[in-house]
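Letters are used for the chains, namely A, B, C and D, taken in the order the chains are written, and counting of residues starts over at 1 for each.
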Amino acid sequence: MGSVNLEQSEGYGSDGYTLEAKEKIKKACSAPDAAIYFLIGGTQTNAVAISSLLRPYEGCICCDTAHINTHEAGAIELSGHKVIALPNEEGKVSAAALSRYLEDWHKDGNRDHIVHPGMVYISQPTEYGTLYSLSEITEIRKICDQYGLCLYLDGARLAYALASGENDVSLEDLAHLCHVFYIGGTKCGALLGEALVVPGRDTLPHFFPRLKQCGAVLAKGRLLGLQFATLFTDGLYQKLGLHGIKCAHLMKKVLTDNGIDLYLENPTNQVCCVLENAFMEKLSEKATFSFMDTLDETHTVVRFCTSWATKEEDINKLDTILKELRG
Amino acid sequence: MGSVNLEQSEGYGSDGYTLEAKEKIKKACSAPDAAIYFLIGGTQTNAVAISSLLRPYEGCICCDTAHINTHEAGAIELSGHKVIALPNEEGKVSAAALSRYLEDWHKDGNRDHIVHPGMVYISQPTEYGTLYSLSEITEIRKICDQYGLCLYLDGARLAYALASGENDVSLEDLAHLCHVFYIGGTKCGALLGEALVVPGRDTLPHFFPRLKQCGAVLAKGRLLGLQFATLFTDGLYQKLGLHGIKCAHLMKKVLTDNGIDLYLENPTNQVCCVLENAFMEKLSEKATFSFMDTLDETHTVVRFCTSWATKEEDINKLDTILKELRG
Amino acid sequence: MGSVNLEQSEGYGSDGYTLEAKEKIKKACSAPDAAIYFLIGGTQTNAVAISSLLRPYEGCICCDTAHINTHEAGAIELSGHKVIALPNEEGKVSAAALSRYLEDWHKDGNRDHIVHPGMVYISQPTEYGTLYSLSEITEIRKICDQYGLCLYLDGARLAYALASGENDVSLEDLAHLCHVFYIGGTKCGALLGEALVVPGRDTLPHFFPRLKQCGAVLAKGRLLGLQFATLFTDGLYQKLGLHGIKCAHLMKKVLTDNGIDLYLENPTNQVCCVLENAFMEKLSEKATFSFMDTLDETHTVVRFCTSWATKEEDINKLDTILKELRG
Amino acid sequence: MGSVNLEQSEGYGSDGYTLEAKEKIKKACSAPDAAIYFLIGGTQTNAVAISSLLRPYEGCICCDTAHINTHEAGAIELSGHKVIALPNEEGKVSAAALSRYLEDWHKDGNRDHIVHPGMVYISQPTEYGTLYSLSEITEIRKICDQYGLCLYLDGARLAYALASGENDVSLEDLAHLCHVFYIGGTKCGALLGEALVVPGRDTLPHFFPRLKQCGAVLAKGRLLGLQFATLFTDGLYQKLGLHGIKCAHLMKKVLTDNGIDLYLENPTNQVCCVLENAFMEKLSEKATFSFMDTLDETHTVVRFCTSWATKEEDINKLDTILKELRG
C-alpha cells in the first residue's frame, strides 16, 4: 500500500523535474558538489543572492552600466547594501579599475567610514553585449582572492555568451571561477526562471529559509524544474543562444546597410547603435528598442535585442521600416 | 506597414491576456476603478503589499495564527515592520480583541515608544479553515476607520471561501470592505500567481516600481494573465473551490469514522484534527499533513488540506491507511 | 618637535578616557580579551547588537514583556528581524518555555517556513524589576548551546541588579555566560551611554563600520569614555544602584501603607503595583508612573521607578499625595 | 501641593532647555511654524531624515563627493534607498547636471525599472569647503518643484558657511528654500548634537516614533537642548564659525608659503591642497589630515580642517613641521 498526499502545492522544489534539472546543470558545470536553486526572475535572483552573500556593512562593486546599478529599481539598496559603481570599459569592470579602487580604499585612513567592499558583480554577456574573456575573469577572481571578496556573475543572457563564436568561457570555467552565478532562463527560452549555481555548497548556508523570507520560493517548483531540465537536454540552451546571435548578425547588417553606426562591436545578441534624435523619435513609433545613453546633444545610444524567438521576417520588417523612414 | 518588436521578454504585464484578466476580476468585484496587479506567490504578495501600505514606523495587526506571523519566514519583518499578533479566536481576529488592543495603545502615555498600528491583516478562509462573516468583516472595518487603519485580506485560498455553503461574503463585499486584498491562484487551481485587488486606485501609488524593486515583476506577465483570465471565465474559480470543499466533507467523514476528533468545525477545505502522538508518528510515514499546534503532552493538532485537484481515490486511500494503522 | 592635529572632532573613541573606561570594565568583568564599545542609548544598542549577531533569516527570542518587544518602537523589526515573544514568567524567559519552543520548532516539518531562532534576549533586571538567578542564566545558556543560539543580555538598569541583596549574578558571571551584553549608563547615573561588552572578540567582527553605518558612532567619544571611567572607579556604579534600591524599599512601604497592592515582589528599583482605574486617573495628575498592563476591567498595573537620583523628599511627597487622594 | 516625578530619565526632549533652544532656532530661521528635532550625530541625522522623506521606491540625488555617498558607511542604503550620485562641480550639485539627469530619467521608457528620484541632498558648506550661492540654491529648489522632489541640506559645518565673508545664504533663506535641513553642532562647538529644522510642520508626520525606532532619541534630551540654547545665544554659533575661518586663512598662507598648491579656492574652514605622495607620507607622521582623492600617479588631494577650537599655535606648529620636512 502506498502513501497519500492530498495537497497539490506540495513540493517547493523537491519534485522529480527539479532534481533532474539540478543534476543536468551540475553535470554541465562539472560541479558535482554545487547547490542549485531555481528562482523566478533576474532582479529577484540578484537581490536575494547578493544580500545573502554580503555582511550587513558591506557593498557590492560593479560597473556603472551594471543591471543592478541601473535597471533593478534599487533592489540591492532595498536589501540594505550599497552598489559601488566603477566606470565601465565597454560595459565591463576592468581588472585595473578594480585594483585601483581597492588599493585606494585600503590606504584611506577613514576607510571604516566608507562602505566595505564585500563582493564583485559582473555580467556575462554585459548589458552592452560584450564578453569577458577567460583571462579577464581569471584576473578579476585573483583580485577578489587578494582582498577577500566574493565573485558573482549575472548570466541573465548567458545562452548568448555560450553560443558566441568569440566566447572562451565555459560553464565549467564559471563554476570554477565564481563563488555564485546564475544561468538565465527568462531571457533565454524559458517562460520564467533563473538557475542559481553555488559551486561550494557552504557558501550560502540555510538558503531555503532565506529564499522563503524573500518571497522567492515557488510553491509549484516543478514549473521551474521542468523548464531547466528541458533547456539542458540535447544542447537546447546553446541552440537557442545560437539562434539569437545569428539574428543579431543579420540585424547589424541591416542597421549598417541603412547608414546607422554601431556604438560598439560585440559578439552577442544585443545590438547597440547610435541614432540621430529626430530619427529615433520617428523610429520609436515603428520599432521597439531600449534607451541606453545620451551620446551628445543630438545623438542617443539605443539597444536592439534579438533572442531565441526572433524571426527572420522581423528583421526584414525592420529593414523596410528603416528604408521608409530614410525616404 | 506594421511595427516590429524583436524582444520576447516585452510585456511586464501589458499584454492582452493580462488586460482581459484584469477586466474580468474588476467585473467580478463590481469594482470598475480598481487597480489589479498579478504577483507570483502568497508570501511575496503579502510582503510587498503590506510594506507598501505601512509607513516606516507602523506595524501590522493580525492574530497569532496568521500566515504572516507563522509561515512566511519573517518576510514582513524583513521589510522593516512589526507583526503585532493578537490571540486568535478559531483562527480569526475578533473585533473585541482588536478594539481592546487599540484602546490600550491609545491610552498608553508611552505610545510613541510602542509600534504604531497601521493596518489589520485577516485571511479568508483563515489558516484553520474558518470564515469571517460579512458582519464580522464589516465590524472590523468600522474599527479600522475609527483608528485610521487599512484593512488587508489574504485570500490565498479564497476560492474555498467563496464556494462554501456557509459563506456570506462575496468578492463585491471584499472590494467594498478592504483597502487591499488578494485572490489566490497558486492554491486554487493556477500554476502560480495571485491577483492583488486595490479598489481605490490611489491607495498604492507608483506600485509598479515598488514591485520591480521587490523582484515581484514577471517579465512574461502574460503567464499570469492567461491563468487568471481562465479562472474567471465561466465560474471556474468557484467550481474549483467547490470541488475542494466536497472532498473536505468526505475527508471529515473518513477521519471521524476512524475515531479521530476534529479540532474545530470549519466549512472550507482545511481539515484540522487531533492526533495522538504515537499514532501521528506512524501516520506521517503514510500520509502528508501539517503540524499546527501542540495540544497537550500526548496530542497534536494537525491539518489535512484538500484542493481543486484532490481525487476521491486519495481520500479512500487515506481511509485504508487509517484502518490499517488502527489494526 | 611634536605633531599637530587641528581638528577637534578627532577621536571616534580612541582617546585616553575611552581606553581607561574599557580597561576598567574588562577588569570588572574579569574579561581581559573582551571588546568594549560605547553606544548612546538602549534602543540603539539593542538594535545594532542584535541585528549584527543575527543572520538575515534569523529572529530573536525573548519574552512578551521584553523591552525590545514592547517599548523600542519596532527597532529590531526595522533591522529586518522578527522578535519571537514567549509568554513571560514574572517578566522572565523561563528555561522550560524556551526548551518547549525550540523542541516544537525543530519537530515542525515546515520549519523552513518559520523564522529560524538565532539568539535569546533577556534583561537583568527585567522590565518588571525581577532578577534572573545564576542558575537560571546558566540553564538558559545551556539550552542556547544545545541549539546553537547566542545569548544576549540587556543591562539597561544593571546597576540595580548588581546592588540588589538578592542578586547572585556578577559582572564576571555575565561575561562568562553571555555572548554579548551591555552595562547601562543612561538609567544608572550617566548623562548618556551604554557599554557593550563582547567577551569573545571575534563574535562581532568589523563592528566599527557597522556602528558607523547605524549612526551609532559619537564623533567625540571621550564624552562616553569619561563617564564610564568615572562610573567604574571606586565602586560608584554599585553605589548608585544601591541608592535606587533603598529608595524603592521606602516607596514600597509608602504604597502598601496607603493600601496599594504590589503586583509582584521584586528586589530592584522598579515598583509595580495595582491601581484602581479611577484612582489611577486622579493620581496621574500628581505623579509620574508608567502603564504596564490592563489587569481587569477596573484595575491597571503601573510602574514607579526610583533611581540613583531619587530624593527621599520625593517619596515623602508621594506619600502626602496618596494620603490626600484617599481623603 | 506639587507633583512628583521620581524618574530622572524623563524628558525625551520635553525639558525647558530644549524648548528654549527650539524657540531660539525658530527665531534665527524666521520660521515660527517649524518643527525642530535634536539628534546626536550627522550620519544618524542624514539617515533618519532622508529615509523618512523618501517613499520606499525612491532614491536620493546628490553629487559624488557628498558625505552620504562617501563617508557614512552606507547608512542611506542600509535604510533601503539608493544614493544617486551625479558628478560634482567643485563639491557641488550643479543645476545643469541635475536638470539633465531628471530630463533623461523622464524620457527613458524603462524609467519604472530605474530608481525614482525622490529628493536632492546638498551640503553647505560642501565636503570641499565650497559654498552654494543664494541663486544656486534657489535654482536647485526650482528644479525640485518642477519634478516634485524634496530639497534637503546637510549643515554639519554650517557655522563656517554662515560666518564666511563670501556667503549670501542666511538661516532664513535655508528655512525658505529647503524642505528639511540641519544645523550642525558636533563640528561647530557642541559636544554632540545636530538640530534638524523642518519648516513645514507636516513634512515629517509622526517623526518622534520614527526617531525612537531608529535609536535616535536621547533619554536625557536636555543635554542637546542646553547646548543649542547656548550656541544660539549672543551670536555664539556665528562667532565660533568665524574663528574657524580666520584660522583657515592663516593655514592657507602657511601652506602656500611652503610651496603647497591649494586644490581649489574655498571660503570656509576646510583647506584642500595637493601633496606629492612621498612628501605626504612623511607629513602624515607629524600632522593629521584626510585623504580626499588620488590626483595622479604621484599626487594626492588632502584636506586640513580648522575649527572653532583651533589654536594659532597649532598652525605655527604646522608651519615649523612643513619647513623641517622641506629641509
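We take it that contacts are C-beta pairs under 8 Å (C-beta built on N, C-alpha and C of every residue); 3 or more make two chains touch, one makes a residue touch a chain.
Treat the numbers as computed from the prediction; the structure is a model and nothing was measured.
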B-C compared against A-C, more contacting pairs: B-C
Most widely separated chain from chain C, with each centre as the mean of CA atoms: A
Inter-chain centre distance, chain A versus chain B - centres from mean C-alpha coordinates, in Å: 34
Chain A and chain C, separation of their C-alpha mean positions in angstrom: 47
Geometric centre distance via CA averages, chain C-chain B, whole Å: 39
Multi-chain contact residues (two or more partners), chain D: 56-57, 72-74, 78, 80, 112-113, 115, 209-210, 212-213
In the complex, chain D residues that touch chain C: 1-10, 40-45, 47-48, 72-75, 78, 186-187, 191-192, 209-210, 212-220, 223, 247, 251, 285-288, 304-310, 314-315, 317-318, 320-321, 324
For the chain C and chain B complex, residues of the former touching the latter: 56-57, 59, 70-74, 77-83, 100, 104, 107-110, 112-115, 290-291, 294
Chain B - residues contacting chain D, complex: 51-52, 55-57, 80, 112-113, 115-116, 206, 208-210, 212-213
